[in-house]
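Chains: A, B, C and D, in written order; residue numbering restarts at 1 for each.
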Amino acid sequence: MSERKHRPLAPELEASLPRVDVDDLIAPLKYYVDDDHPHLWIKDPAVCTGCTAKPCLAFCPVGVYRLDRRGQVMVGYQACVECGSCRVGCPFLNIGWALPRGGYGIAYKFG
Amino acid sequence: MHAVVAIKQVPDTTNVRIDPDTGTLIREGVPAIVNPYDVHALEMAVRLKERFGGQVTVLTMGPPKAAEALIECVEQGADRAILLSDRKFGGADTLATSYVLAGAIEAIRAEGPVDLLLFGKQAIDGDTAQVGPGVATRLGVPLITYAIEIEAFDPLARTAIVHRRTELGVEVLETALPALLTVEKEIAAIARAPLPNLVRAARYRPEVWDAAQPVAFDAAKLGIKGSPTVVGRAFTPAAKAPGEQIEVAALGLPAVIERALTRLEAAGVLAAGPPSAGGPGGGP
Amino acid sequence: MGADLRFDAIVVGGGPAGVAAAITMAKGGLDCVLIERGRFAGAKNLFGGVLYTHALADILPDYWSRQPPFERPVTEQGYWLLSPDSAMRILHKGECYKGEPAAAYTALRARFDPWFAEQAVREGVLVIPKTTVTEVRRDDQGRAIGVATDRPEGEVSAPIVVLAEGVNNLLTQQLGLARGDLPPRYVALAVKEVIGLPSAEIEARFGLAGPQEGVAIDIFGDATLGLPGTAFLYTDTKAVSIGVGLLLEELVHHNLRPYEVLARFKAHPAVRPYLAGGTPLEYGAHLIPEQGYDRMPQLVADGVLVVGDAACMVDALHREGTNLAMTAGRLAGETALEAHREQDFSARALRAYRRRLAESFVLKDLKQYRRMTDLLDSTPDLLGTYVNFINEAAQRYFTAHGIPKREMEAEILGLLRERRSFLGVARDLMRLLRGMRG
Amino acid sequence: MSGAPELTAETGPRRIWVLIEQQGGRVHPVSWELLGAARRLAVELDADRAIVEAVLLGQDVGAIAQEALRYGARRVHLIEDPVLADYRNLPYAVGISRLVQAHRPEIFLIGATSLGRDLASAVATRVETGLTADCTELTIDPKLQILAATRPTFGGNLMATILCRRHRPQMATVRPRVLPLPEPLPPAEIRGETRGEVVRAPLGLVEAEVPLRRLRLIPGAERVDLEYAEVIVAGGRGLGDRDGLPLLRQLAEALGGVLAVSRPLVDAGWVSVEHQVGQTGKTVRPKLYVAAGISGAVQHRVGMSGAGFILAINKDPHAPIFQIADLGIVGDLYEVVPALIDDLRARRSGGDDGR
């Protein structure tokens, strides 16, 4: 409808964000991990290499996407809560996203 | 071929939390699952059924909620499910539990021959590994614990060859049937259940047996009354005192290594044990 | 076995929309199967936590006697407007919210949804868990004839398929009913924590008389760093649910970690005391489709009805979703019953579903607020600006400075003008009004 | 053949029994550990009347009976029979149950080995008594004067002390290596000990009555099984490079253990998920867990906090893994691990492993 107006975040807001280890947050979650069936994958690793922003490293709410020491994006599908953010949030739509096989993946206890 | 599989519904201990104040299990939000070893026992039974025909009966002793676990077993391929549920069974230790399971299996055998009894090697909540051997003893059938493979199975000749894992290696045993096996996970990899099984399970209601019907159990041998052991005290393991921390930068590498090996040795975690006592289970 | 897997209707997904559809169809006599990919209905589901009961009552008039696992009735509700260091609280409570059953309850989906699915089972629905539907099967004329699943021997057939697959509507897309995927600017990512606290403690902190009272607070402003989005704080029985939702595009653009935004919000001086000493029970995340009325997928195809989040039925402004979903499910179910009576499953016949929706609050509300997402999207700092202004104005207003009140009023206006021109304010108001009035 | 005549309950000996587990003539050391524990319990229970006795079954195991005396048994109940050559549940359970019924021990301890756990439950069922599995601690309850057997449950999250009030014997299986290995007495002292004796009993069962035969033994064909490994060497993100994995493998070999990793390395595709420890991987409870380059996020800790001894190696002195480590080495794992390997190898070949 109208133009996007993205002002940069004020530096003091940026600085006010606490560092959180997402692994601590997901520790109480119950996953039924489907060992041999990753349901998330990088479609073309070259696209990630060319992506400088790599927002998936930040916006994924459970930290599925991380960099290895060589700068490659690793996909820790085991921790996925199946929200779908990466499916639509990747600027290059470079993330392959399927539903885990029935019975696998996250099982919320509270929701 | 008729295989009977005994299962247990357990809290998922990978997710368990203990209330530090009361020392009791926080059941809130802890999912209940079929004891993982039992799932493999069931899978083995289903494979045998697929090969030889026949049926798989699954049974459990537990509260009414344990019916969920039985329904999961029907999904996985069990034909018949029996829930042994009665307040009188409550609080049973392994001796009282094996009494009830053995009685129920006797009743199933009275209806028709049973070729194989399958149990998980242990339940992950109690880790006792006692119920399977107890039931075998009560029924007077051969027992093979820690089974990892059924090499041969002949329901007509009523024999089987079973591999069993011990600290010494793998024992290959020939047994008469019926026999009772308690199994490791590698006995059978879990296959994905076909949809018709799930449809059947969604409609299935397990049979419920109580302390009086169809088996009239001896009340003195049930539940708390029939259990020689009681829990005197339950407590959370003492929180570890913060460990020793040594810095290579401060002490130098040789001193750090020396200290580390001394500590490991003192803790008895280095593999090399005393040669004279290095018996069968000596090495890891 | 093949004959066993033939039904009158298939519902894909065991959330509120799917279960509502299934119950409605089963009550009308259809042999209905509901296929859920989670280990149980609700295993994959998460929402902020307020459930309105009117939609439930339309489906199950006797729902109260079936003992739904609600957390607390909502007897007090309203808004907090957070600046970085203060909060303007606008809360409404009263006797009007008392009485059983209440109009709204807080709930946890991994508890409520299994109960709701259990009611479907009671009505005769066959609920199949742990099974993912991979495809809607169609005949050579494109009519839906069933579904394929990820299980061996996994085909199920029925002349009508209700898609209640949720926000990640892969099947809806597969059928070409959605025009492309959700754009990040029309979808919010919400993260939430359930934090355990003794119920007496919750009641003391929130000023509640007992477990028969509960609070639902929606929070704007600093909770989302002033970016388009909302936060919430709801009381459960023995926990509080706290969360924050932001348009995904904002997270992407600013390279934000949603859990850090949540942690920052939890640490806000107005929020922290409510959570102190609590036990983190669960963290989770979910997408909320906020594309609104104008970008909804097509709701019907030959033999197919789309309901709930899969059809983007969310009224983000009023934190309504489950009630829209349930109502849509019910109306889809009624339409399916009619289709069975007429033995006509064509899209043309099923379009009655859309008509029913249009007559209900579902489409009326969605239509009315069709511009809200765009408003926020086009004016991303709107919330932050006004919320901070309101807080500062309040501070001036509530503090004696030894200056005449007229001067203070002028000062407050000045504060506003620093932030936005009069023209800007007027434009914002206009848009807001248009957003509200539709 | 029989032992001393039985006395009445009030005046007779209070027997504490220990099963001497042997296979192929080799004794499992847990048997000696248990004799040590039994001697301690005898003092706690009743210094005057409590005596420690051993139970030994097998074929041609007389020498082991003598060794049991050296480890402090006052008497060894010995059944030798060809049927007992290989361990099988039925004949062992029958033989032991008959001994129990004849001598009525008050306490009966068995190693929580695969043999011991297989056997103990069968015996307890036959004599209808209580059995506590897999104990880590044994004491005498001072008030009740009965055995208090403590064991971990719920995956080690909870400890439970189990009592067996009325039934006898009070049976328990005890994990190997949780109790100290006692010093054997020199042979001379045994000869001087008048009550040190070996009492033989018949099995009373013939081969035809045993419906189970051992066809063969495939030695050491054990698969790597992380969940039950006794020693685990695990690497994490701090490894930085896939090339660090062989180094950890070498350390694992030197310690007689297996390799594991934390999640990032699985994500990176360096190692398959079956090696992963942690919340989305496996839960392990080894005796020794070496965490190299693992920061120790809760997500990982939940999978390994039950380890007996945790050795952490990490550059960052504030890494959370140090909070649960028994010993933390702050340093570069690429320095520390090779040095550890060298020293371990030197020890092994140098043979200064005294005892």
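We take it that a contact is a pair of C-beta atoms (placed from the backbone, for glycine too) under 8 Å apart; a residue touches a chain by one contact, two chains touch by 3 or more.
Since this is a predicted model, take the numbers as computed values, not measurements.
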Chains in simultaneous contact with chain B and chain C: A
If you tally the C-beta contacts, which comes out ahead, A-C or A-D? A-C
Cα centroid separation between chain B and chain D, in whole Å? 19
Between chain A and chain D, tell me the centre distance in angstrom, where each centre is the average of that chain's C-alpha atoms. 44
Chain C and chain D: spacing of chain centres that average the CA atoms, whole Å: 55
Residue numbers in chain C touching two or more further chains are 39, 129-131, 149, 151, 281-282
Which chain B residues reach two or more other chains? 29, 31, 192
Two or more partner chains touched - positions in chain A: 26, 28-29, 101, 107, 109-110
Enumerate the contact residues on chain A facing chain D in the complex. 21, 23-24, 26-27, 29, 31, 33, 35, 66, 68-69, 72, 74-76, 78-79
What residues on chain C touch chain B, complex-wise? 1, 4-5, 33, 39, 126-131, 149, 151-156, 196, 238, 281-282
Contact set on chain B toward chain D in their complex: 11, 13-14, 16-18, 23, 25, 93-95, 98, 124-134, 136-138, 141-146, 161, 163, 165-176, 179, 186, 227-237, 240, 242-249, 253-254, 256-261, 263-264, 267-274, 277-284
Residues of chain B touching chain C in their complex? 28-29, 31, 75, 192-196, 198-200, 202-203
Tell me, which parts of chain A touch chain C in their complex? 1-9, 13, 16-20, 22, 25-26, 28-29, 32, 53, 55, 58-59, 61-62, 81-85, 87-89, 91, 93, 97-103, 105-111
